[in-house]
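Note that the chains take the letters A, B, C and D in the order they are written out, and that residue 1 is the start of every chain.
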């Protein structure tokens, strides 16, 4: 660990090497090095997002993806990316708890994913079980090639921030690492959080609705990292789609709503919380806090 | 049947005799006779309510109750009130469809009711099944003596209006026979109306919440006659209580809410619709239309 | 007016002439004539829809459209379609009440519509004010050419049924003329129906969401004729989109939701009621009754 | 600060002295001393509540209340309770920020309170502004004498736990200090938390609904300390009443609902979250998480 001040004072080469541990995109790490010094941990986080979302290309995204071991096949890849493998291995620790069947399905889905998209499946695995990751990869396999890269790059940046937090002392205390957008799903038929409900955040790209982030609710019905820290949605309309058909199917119930899509308008940098209260024949949403 | 004009022109004695067929309270029928002529069918209905609610006493209510055969024991009482029995028998026609067990329970409850309150169980039976009447009588058996008379007199007036509509030609076409207050319960877990849910309307009397009307939702989840036609709630606060515990018990489910009580403010004579969207662990209400 | 039996017994030529008064599509009228006798008024209505939706082509739709005077320019067209003009004139009676500015805007929009799509603007005008028709035509002007024809043909059939009800004695008493789908919007911030809210029903055609019907809520917040009588939605997924942005803009308010889109699954011929409870920062829906 | 182990090992006299700093009830402190050793910080918290709620009398409550300076009149009381004054002064630090008018109204209300009930106004002041305290004292002034003591003793115990957390090292890290019951109010007309809404939790005592706790929502619309840590509601029915009339009055709005009362059933020790989504003509509740 180093302090922010130390990062600011490192030689270009040393700083690049440190930042490359967080994301192997040369464009991203290079621009981060150049733009130093960072006046605060918060500025570091915002700049990291700004460079990634505004200054990097699809090629940069793909380069960044090469800096990860394949999930579900950790061992063989440890050697190749020795400088990031330790952290990456750690991030995937929850996988170990899953049963073999899920692991195998996940490995298979990872293969399909790589075959379809030409790069490995990137997901911010922190806190996610193998079942959750499997649901996510299967959902993302439905995306077309042009769209999926933007979902993957969003995950890449979540991982980058997790790694920045391991690199920079007290980053998680000093910077705001919350997501601009959060969600919460409650099943009011049974009075508990709606667990393992897939959601997709969509935005407009070239005037068409395109997926930006795919997540799954945790045991508390929440997704707290729809967006990476520091990434602000630009003003405009967005849609949060809750995959209710899949949710009810997993719970052996029938619902009236194949999905619940909530379109909303972002006007500023304040926090947006988009909850869903769902029951088989009715649902509600509101701007939460 | 006679026309409104004919009612206006009848001799006092003849008019009294006609109106007594609708409600045997001498005070009510007498004041109705006196206040003639009625300028419209609507005025007739409003006046009928106004006299009943404002000018009649508990003794008048009890006198009116004697003008009915006991429900569930129709035959033996037909003779006693020969001039009203035909209509009353007709109003209770739905009872015939019920099975014997319910009929017997209803007869028993009627006895308990008369024992407790000292007058027979009065309910506007139109459109109600024996099961629904049984649920209502059992609910009203829980009222104390002082309160129940006001629930019974409310039912009496609903019956009075039904009989007025049989007396006066085209009354139901020419007068507004809707209830100032209506309700609708929907079970959004199963996507259908919440049938047979007991509701109690309460108002403030001497600064205490007192029952005014007890009803039960029909197969469409509605109660359209919470109040008799012509009876306007005076401005103030009222509470509609939905007996959700009973509803879920009847459906072999557990709910989080023993009841759903909606307090609301009446400010004018516009229509008030108080719906309930219920599921076991959540509910909503709104001012409907 | 003739009875159903008379329609069944008319010569082919006479029957064709009668049915052509309802819809000038030769295919539709011809098939209706052939398929006689109708066993009931309900069967007539169902068959009328079935032929229109299943057996008629885009060319037939366009032919049918020629059987109407232009709305907003009634006089000049009366002559051309003398056999339908009387009824049509009558259907458009509400237009007369609107102020000149709206009439002119409506006439202008009709022109734009005809220029864009190549046929006149068809809308079931019954019960709609000029303002409401103007909102509808402006909304439909946004559709592309390929889609709009299906919205127009849906309106055509609503008009056909209105005319059938004028042709066949007691049709509206004997047949079920309700819409398979209805809606209701309530503004729970102000406790009244959400008036003049545009809605669009969309279905899947060639795996893409396409508009099927465009309507606007009336003063009671309802649209009771989303679909023509007799037209059953085939099992599958549909989306009802409430144009909340437009609603709030018209009311000089800001809302969080540019639109509220409710996707739902139709499984059978039972009635579907899709209400919306809306306030600026929250909304609810449920399967109503 | 001492550790839990040290508390367990202190002489009876020393332990009593320490615990008396948290609550000056001799019964409570005495029983706490006797029941030692505590196996964990959590057990300490649970036992503190259990003794207070089950083994202490109204007289004990009143004795405990004497261990506080009067809020709003801090200086003069510091001397009298020198051993508790420092902490108490600290707990009331938010008062200093309020403007003079509120302070004076609060001082006045405190006087009225003491006049009416015979003991000083006890409230867990942590995190509450003078305005919030003023709203609470004014609400509690409406309680009758018999009921208010139970509201006050509930506040007393919140303060006791705050003081225990200052006495015992790492208590707040090692023990569960959450409230069995929490609430959250959101104003969905404006899309923000409903601030400064009074709520009253009621339970059944001798078969009558009685106030147990009076709170006010903070700037995030939440009340996180409806109950003191360690205090579990026994299974049964409770009612959470949101004072919506007061809320809308403070915001110069009219609402349809004078209050929103949510009755719910507690069956076990799991967390109960009772939120309210409110707008002027509609509200929703659900079991949250």
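Keep in mind that, in the parts below, a contact is a pair of C-beta atoms (placed from the backbone, for glycine too) under 8 Å apart; a residue touches a chain by one contact, two chains touch by 3 or more.
It should be emphasised that the depicted structure is a prediction, and the values quoted were computed from it without experimental measurement.
> If you average the CA coordinates per chain, which chain's centre is most distant from that of chain A?
Farthest from chain A by mean C-alpha position: B.
> Please work out the Cα centroid separation of chain A and chain D, and write it as a whole number of Å.
40
> Could you grab the centroid distance between chain B and chain D? Build each centroid from C-alpha atoms only and quote it in angstrom.
45
> How far is the middle of chain C from the middle of chain D, if each middle is the mean of its Cα atoms, in Å?
Taking the mean C-alpha position of each chain, the two centres sit 60 Å apart.
> Can you list the chain B residues in contact with two or more other chains?
186, 188, 191-192, 256, 277, 281-282, 284, 286-287
> Chain contact graph: line, ring, star, complete or other?
complete
> In their complex, what parts of chain D are in touch with chain B?
These residues of chain D touch chain B: 237, 256-265, 281-287.
> Can you list the residues on chain D that touch chain A in the complex?
Per the touch definition, chain D meets chain A at residues 186, 188, 191-193, 220-221, 277, 284, 286-289.
> Spell out the residues on chain A that touch chain B in their complex, using ranges where they run on.
Touch residues, chain A against chain B: 186-192, 256, 277, 279-282, 284.
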